[in-house]
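Each structure below is given as structure tokens.
Below are two complexes that have subunit A in common, paired first with subunit B and then with subunit C.
The block that comes next holds the complex of A and B.
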């Protein structure tokens, strides 16, 4: 077992550009679900819209990148408006149903053969990251994080991503401590009460959906910038469910929640994954793996990581239901 | 204790005219499937008075409340608050016009502190706009004033010691107090209380009654739904009785207590019992 590699790789996974993508997507979802109580099950749809609003204009139509970035925000807001005007006046569960359906429609459309000329279908789109490579101030050889190599491009994504994340988190923090954030929380608690006190609940929900959706779209952008390829498969419903896991893990309605939640979630999964990979590995010089093959071997360890991660999460929910940063008092009065 | 009935010179008939009525309702109907829940031909609520809306279960009192405050839409009808039509006006705009309601099942915002519950009620907050909310200096001074006002009201409603607790930790009666205090943050001209006494222990009841009287003394109009007849007798200036969606009687407590239609509605037509004893 190469513990140095396992640890440094797991740590890198928890702070990488890929992790930042999860943090952003979960931060957006936290605005919806954590602060406003909107049961959005289609956050992956916002991420997909963001990712393809960047990759399609750049790789298909050679747009300058600032225009594509602008389109990312515009289309996320447009999707929020579409979802909002159709469902926000209805009861909360309808939003859940519609959002999950819309996210799947988006993913399947991106995957569809009919739109391959535009979206690249199942193979997705590549070659839209050259602007980010040009902006990269770091040397190509990159650095070593103990035993984990980080190439120059990924280092640049990591550093700029953390700066972006800090800006987004600060904005969310400022918003949520303001009277505006107070109205959002009142809607989460009881929207009729908010209405009876003269608050335009619909307008606030729409704003929440737009802001959280835009943050989610930026998360999608970071995901595909890291992969240097945007593919529909990355935006399946599991992405949304992982985001829920992350915010519950970190603490709902806490700005730090999605960040810490992502780190723990990705660290645990990666740690289990490569530990098992190492423990089942055979080499010509050492043909017996660390773990007995009747128990586990190289062909089936991959499934185990989610089982172990699932157990870890279940234990956390049982022993610390408010999440890492949640307020225990709030858990006691769960009104829903 | 009885109220000074001579100060209330309105006619004791359903739909009677009141000079300077704050709320005038005309032909408001609402049916759910085949059931007509509300069918009010004409109703006027007197200004600066405490009016009780009573009636047996299923009389349509809460439905009428919901209709008047914009929480439900009527099938037909018009109603005017301060001379301005409120038909089709959204609930939050009704509140902004000065008509604020509370709920039968108290809606304390459980996972928010008491003081935040109160602050939420304040009108025209600069920080409630998304752009201005980001920049604290824009709303900080207003927030201070709001907090001061909220603390004064909490003092008045004996909740000041709970200021930073979560509203979910309050007892049922305290929640009623909080809801009333929070409604006052909106500075309403008219307060609509849906069963303010439900689930309140006797010790708190007296203080709640006093609080409602103070509302009137401050120059507000109060309309409340209530089943507790002792309370109705003690604080109401005027009483409106509904049964099966219609207004069947109006008058002082004595007037409606002796009205045979009211007795019939509550007890069936073969009983002759004082309404006040049956609460």
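The block that comes next holds the complex of A and C.
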């Protein structure tokens, strides 16, 4: 077992561009669920819309990248408006199911053979990251984080991503401290009370949906920039559910919740995964792996991290709903 | 936070997890098992003569079949049923061909007839050491049916899907009605039955499907009851909010699903029986005996369960708890017992659905999750928590899904899309669902 590599790789995973994508998507979800109390189960749909609004115009129609980035925001807001006008009139449990349905409609359409000419179907789209490579100020050979090599492009995504994340997190922090943010919380706590004070609850919910959705779409962009490929399989419903795990882990309705939650979540997942990978590995010189093959082998060790993630979500909600750093008064779980 | 281990649901949860692990261990088969065994290839030669509906199939006897592969070859002649069973030394890759000159007089080979095919034991849906394939001779007249000719078949497929959805979603609706929980782990209860049945059918005692199925259904009912006793009842006692419980069920569903994948593998596998049976013709539609059985049994279960809900004491008690839990409790109904009954019944019904789904489309680790969204669509469209609404919703969603393939035959892979769009549109027009009660909403 190469513990140095395992640890450095797990640490890198917790702060990488991929982690930043999760942090952004979860921050968006935190605006919906944590602050406004909207049970949005379709956050993966926002991320997918963001990712494909970048990749389709650039790799299919050669748009300049600032236009594509603009489209990312516009289409996220459009999806929020569509979702809002259709579902915000519904009860919370209906809202959950309709948002899942809409996210799946988006993913299935992106996956469809019918639209391969546009979306690339199951194989997805590549070749939309050259603008980011051109902007990269770091040398191509990159740096070493202990035993983990980070290439120049990933380092650039990491640094620029953290700057972007800080800007977004600060904006969310300021927004939630403003009178506008206080109205959102009052809607979460008691919608009828907010309405009786003359607040237009529907409009506030719609604005929350738009802002959180746009942040989620930017998260989707970072996800596909890191992978250098946008594939519909990345935007399945589990992506949304892991975002819930993340914000509950880090503390609901806290700005740093999604950031800390992502770091813990991805560190644990990656640590479990890569340790098992090492423990089940066989080499020609050493044909017996560390763990017996009747228990676990090369073909099925990868499932263990998802078991951990799933049962961890259930256990967290039962035993520590305020997360690790959360405030119990801000649980936001009693969404009606 | 201090956790009292002895009393905490953690220990109970660990018990449930242990149960899953034990059952899943039992399901687990070493993947390399089939590699060295002898294999059999069953070849059938069928004449597609143009009968009344262009579908009549006649077996062709006396046709010479040759199987050739790296490990050896085998020859055979088809019998009166048009079948030839060939034993091959190893389960590997084989090329199968038939001798065109040995066809009896009057049986012609048309331009679209394939005379060779290849078989690979390591791929495909059928498990074990037996493989089968069919050669069709005569001209294919199926395509001449036209768009409207295909409609009856589509409707039959729609009814089949609707009935399976109905069986699975009644439990979902009853659980929602009595406890308020949207149970995302229902999909894993469905898969559980199919997996346990598969074990009894294929790995363990190798019983026929009809004998193995009750054990699978019982496993699902047990799983539902265990969930209620070990997870949901303690959570209700702690007055955990419904949103939290919904998220707990999501976590349990994801975790359990990957336990299945860990032990069962990612392949789609078939039960031993009822694979590749010829269709029975009913005028414009052809139904395999398996699908006919699925439809008849589901219809009986659905009708029987409706009568149970409407007429029996327990059924009335369930509906009373569903309507108003406090009032039911005040009239002397033991609500906890009724809720346990609902979980056992809902789990058992989901199990029946799971076995049928497994027979129809194969057993797979995420088979429940694949139809979960359709189930949610069905029970949402019908009006949350109303079992008869779930029935109606299942028919709307099932028919929409299959009719989508008829209206848009070239986007078949998007057939779930039709159902989801139907869900969104129906909720826009009728936010409380088809049979739901009007409630003031935001």
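To be clear about the criterion, the second predicted complex is superposed on the first by the 316 of 336 C-alpha atoms of A that agree within 3 Å, B and C clash if a C-alpha of one lies under 4 Å from a C-alpha of the other, contacts with A are read in each partner's own complex, and residues count from 1 in each chain.
In this section, contacts are C-beta pairs under 8 Å (C-beta built on N, C-alpha and C of every residue); 3 or more make two chains touch, one makes a residue touch a chain.
From a predicted model like this one, the values you see are computed outputs, not experimental measurements.
Once the two complexes are laid over each other on the shared chain, residue contacts for A:181 go to subunit B alone; subunit C is not touched. After overlaying the two complexes on the shared chain, residue contacts for A:312 are found with subunit C alone; subunit B is out of touch.
Contacts of A:23 after superposition on the shared chain: neither subunit B nor subunit C is touched. With both structures placed on the common chain, the touch criterion links A:276 to neither subunit B nor subunit C. Contacts of A:201 after superposition on the shared chain: both subunit B and subunit C are touched.
With both complexes placed on chain A, subunit A has more residues touched by C than by the other of subunit B and subunit C.
By the touch criterion defined above, A:221 reaches neither subunit B nor subunit C.
Residue overlap on subunit A between its contacts with subunit B in one complex and with subunit C in the other: 201, 333-335. Residue ranges on subunit B touching subunit A, taken from their complex, read 69, 71, 90-93, 95-96, 100-103, 107-112, 116, 119-121, 123, 125-130, 133-136, 139, 143, 166, 168-169, 182-183, 185-186.
Taken together, the subunit C residues at the contact with subunit A in this complex read 1, 3, 8-10, 13, 17, 30-31, 182, 235, 240-244, 246-259, 261-263, 265, 373, 376-377, 380, 384, 410-411, 413-414, 416-417, 420-421, 423-424, 427-428, 431, 439, 441-442. Taken together, the subunit A residues at the contact with subunit C in this complex read 39, 86-94, 96-98, 100-102, 104-105, 108-109, 111-114, 191, 201-202, 205, 238, 241, 244-245, 248, 294, 299-300, 303-304, 306-321, 333-335.
Note for the complex: subunit A touches subunit B at residues 171, 174-175, 178-183, 185-186, 188-190, 192-201, 207, 211, 329-330, 332-335.
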